[in-house]
Amino acid sequence: MLLPLLVLAPLLLAAVAFALPAARLRPRVLLAGAALHAAGVTVLWVRRPGPTLGGWLAVDAPGLLALSTVSVVFLVCAVYVQGYLAVHPERDNRVFVGSLLVLLAAMTAVSLAQHLGLLWVVIELTTLSTAPLIYFKHDALSLEATWKYLMVCSLGIALALLGTFFLALASAGPGGPRSLLVGELVAGGPALSRPWVRAAFVFLLAGYGTKMGLAPFHAWKPDAYGEAPGVLGALLSGGVTNIAFLALVRVLQVCNAAGEGPFARRSMVGIGLLSMMVAVTFIVGQRDVKRLLAYSSVEHMGILALGVGLGGAASAGAFFHMVNNGLAKSVLFLTAGNIQRAFGSKRVDQIRGAARRLPVSGAAFLAGFLAITGSPPFSPFYSELAILDGALGGRRFVVAALFLVLLAAVFVAMGAAVLRVVQGDPGDAPVPAKFRDAALTAGPPLALMLLVLLLGVWVPRRLLDLFQAAASLVGGAP
Amino acid sequence: MPSLTSFLFVLVVVLDLLVLASSRLRGAIRTVALQGALLSPLPVLLATGAHQTIHVIALALGALVVKGLVIPGMMLRAMREASIARELEPIVGFVPSLVAGAIGVVAAFTLSGALPLPIAERHALLVPTALATVWTGLLLVVTRRKAVAQVLGFVVLENGVFVFGLLLSDFMPVMVEAGVLLDLFAAVFVMGIVMFQINREFSSLDTRRLSSLRD
Amino acid sequence: MIRAAISFVAFLALSPLLLGVVNRVKALFAGRTGPPLLQLYFDLHRLLGKGAVYGVATTWVFRAGPVIGLAAVIAAGLVMSFGGAPALVAFPGDFVLFAYLLGLARFFTALAALDTGSSFEGMGAAREVTFSSFAEPALFLCLVVMARASGALSLSGMLGDELAAAWHVQGPALLLAAVALLGVALAENARIPVDDPNTHLELTMIHEVMVLDHSGPDLALVQYGAALKLFLFGALVVRLTLGFPIASPALSLLAFLGGMLGFGVAIGTVESTVARLRLVRIPQLLVGATVLSAFALVLLLR
């Protein structure tokens, strides 16, 4: 009963938020939804319920990991929104709060969905519910970003539907499961029609890869991240892209069972490395802080694809990295939002001395940069190390070398921009200060940053087991 | 005798090519509406057993109303209210896009020959028609500048997916099929709203103006 | 053999009548009585009785143009099968000869136009050659479709009863090819919507501007050649769209003549109801015809 409730409760609260006449109370509804959701997810950790609704909803290791990340990031963002909306009292928050709650419900449903048709529907729902959020600023640029986001993601989602149909067709052969439930597809793997599974993988990789923002399907990402409020950037990079990755993991499970695993994993390694390369090209010389973060997100989605593509130890590392990237990227987007407000710009050449004008946000931004580029002792270092270890263990030396070189290039290129922003004298900045760190806007990212640090120092046994369990679902050489 | 169904499939592909070649937006929208209307009887024509009659007829009627009437109607309305110019200015000319469409048709037929169907074939032309239509839709979205034309391409793409979905109507749950129609509706609806906003903001629905965000 | 000879003579004799039908239909659409059905015969007779005028800049090429043009079209008629009757000359692959005899006629017409040294005629030649290079792939694909559907490589076989029988299984493909072939026929014969045979504005002319300098018997040859060419394409379209085999030669001939009448009416109707395309749109029409015939071939090959 808990699983459907986790989806329905945010939907219900979204309806409340839409109906509520008092704008002042709506952020509180959001907070209540986030807190309820976090409580529900905590219960899942304590006692994992069995599949419900005929097996359509269930909790497994990768789902629980993605769901927990979503819940944590959403809770932090919900606190942050309290402060954010107080800064912008002039904007109508009805659609904003309502869409956020619908987005939460959709992301939860994706994490729990074990039916590929349902999975597709709720992924589409995440697209529809984020569109009004990107347009929250109601100006020409955010409109442009919204249009591109809708167009590109709709195309991707249509291709994903076709891929889902292919998979359904593949399951319909003699002796096939004739179902889209992941469990039944995996169980009936050998009876699937292999050419159609392969075709389905190609379409689903393009479709969900678009949602994830893998190159060359990342066209929407810099625009949407650049123009949306920082809090949405956090939710997109910490939630939506992660659950799109989860959808690809489900597809990979089926491909493995059908014997198309090697082809699928090779494609993942290829597209992962390509994404990292494309990201590096655009990070070098990037003038816009949020677009910089967007390309960093492209890079890290590439790392996730690379990790599960390599398989074995690298897969476990990829799931660890999914959590880490979600948390650390959220820190970066939330603090970048603060910096943008304090300097009236998000251009690298117009921001100086963020660490002095915003001591907490500036420091968290710098720490987030160090974390996301894989510096110890933050947790992404360990997950990237695990992926590298997996590559070396699988004797994929060329892949490992490319991985290292690209990571180093990103570190240098991103560092050049971030240090310019953080250091220096804020008096040089063209716009005088008008926004300062407050508990509600600087506290949430700081808490999240501490969590990233904590995961780097100590990972609970339960979590490690979950990474292993998730990796064993994806398969590949140990 | 060549059946009515194969004429329908061939006509759907010909309409794909016609949309690629048409230079007038209104004509293109009408062509897509006709394509949607032609697709709608297919669930009935392809139905194998009598056990799903109501479901099949509902799907056909739904497709007719949504694909043939509502969506084209909304797009024509959007054109009227936003006073969009009739001429299409493609990024890729009409002749090259027509040739690309033809290449896609040939590829679709070759590819579907290489992919043997695991289930009893509904109709020899179903898979190639679906793939060719999907390709046409992709081509339209990528090579047209006007927002309305891009949405039109998306609708064509969904038409192709719909055709492919017919192959599965025996064992796919109703929910997913209904999802196809509803989803298309929702997507076009949301895009429609955004289009009105674009028009208000830029006083034009030309996506070339949407080019300040770039690297 | 007798049947072939009779139908060839009918081809030579009836061609100007087909143009008469087209013009009568156009006149009816316009609410006029129009010229008599046999007007072209009178015109040819009158022109043959006149002398020819040659410009001082022209050479033998200009004089040879109409002769070679007419000869090539008549030779193309030799390999053509009319209404199910076998052709006078038939061998595997003769459809290639057919297409290139028409090409030869066009080549010499264009050469004669260039020989005048007039800028308008040169422009017309350039347009004619450009558009025919778009029409040629469509024509060939249509011929290949017919060859594939009938299983024969000679025009006599391609237009025989096997083609009509193939409609039962390959109906959609043949319909597409017929539509494409009609488009090619309109373009190759300089009809609306590609070209206007009645226009008097040199700037918009394509085919007509090339023959402006011809006079007297030369002009008669050109006009007669144009009528023969239209009849040849009509024969192709009519046999392609017939749709059912007819055993009796007499009935077959009757059906063919009826079909040609229908072809004339169709051309007249198109000319009266469709606006002429802008020049830039013409390649689009022809590429469209090519794409349709390619699609037809794909349907046949799978």
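Order of writing sets the labels: A, B and C. Residues in every chain begin at 1.
Going forward, contacts are C-beta pairs under 8 Å (C-beta built on N, C-alpha and C of every residue); 3 or more make two chains touch, one makes a residue touch a chain.
In this text the structure is predicted, and so the values were computed from the model without any measurement.
By number of C-beta pairs in contact, chains A-B lead all other pairings.
Think of the whole protein's Cα atoms as having one middle point; the chain whose own Cα middle lies nearest to it is B.
Using the mean of the Cα atoms as each chain's centre, the chain most removed from subunit B is C. Subunit B and subunit C have Cα centroids lying 37 Å from one another. Taking each chain's centre as the average of its CA atoms, subunit A and subunit C sit 64 Å apart. Each chain gets one centre point, the mean of its Cα atoms, and the points for subunit A and subunit B are 31 Å apart.
If you check the complex, the residues on subunit B that touch subunit A are 114-119, 134, 137-138, 141, 147, 150, 154, 157-158, 160-161, 164-165, 167-168, 171-173, 175-176, 179-180, 183, 186-187, 190-191, 194, 197-198, 201-202, 207, 210-213, 215. On subunit C, the positions that touch subunit B within their shared complex are 167-173, 175-176, 281, 283-284, 287-288, 290-292, 294-295, 298-299, 301-302. By the touch rule above, subunit B contacts subunit C in their complex via residues 1-2, 6-7, 9-10, 13-14, 17, 21, 23, 94-95, 98-99, 101-102, 105-106, 109, 113, 124-125, 128. Remark: subunit A residues 117-118, 120-121, 124, 128, 131, 135, 139-141, 143-148, 150-151, 154-155, 158, 161-162, 164-165, 168-170, 172-174, 176, 178, 180, 193, 195-196, 199, 222-223, 226-227, 282, 286, 291 touch subunit B in the complex.
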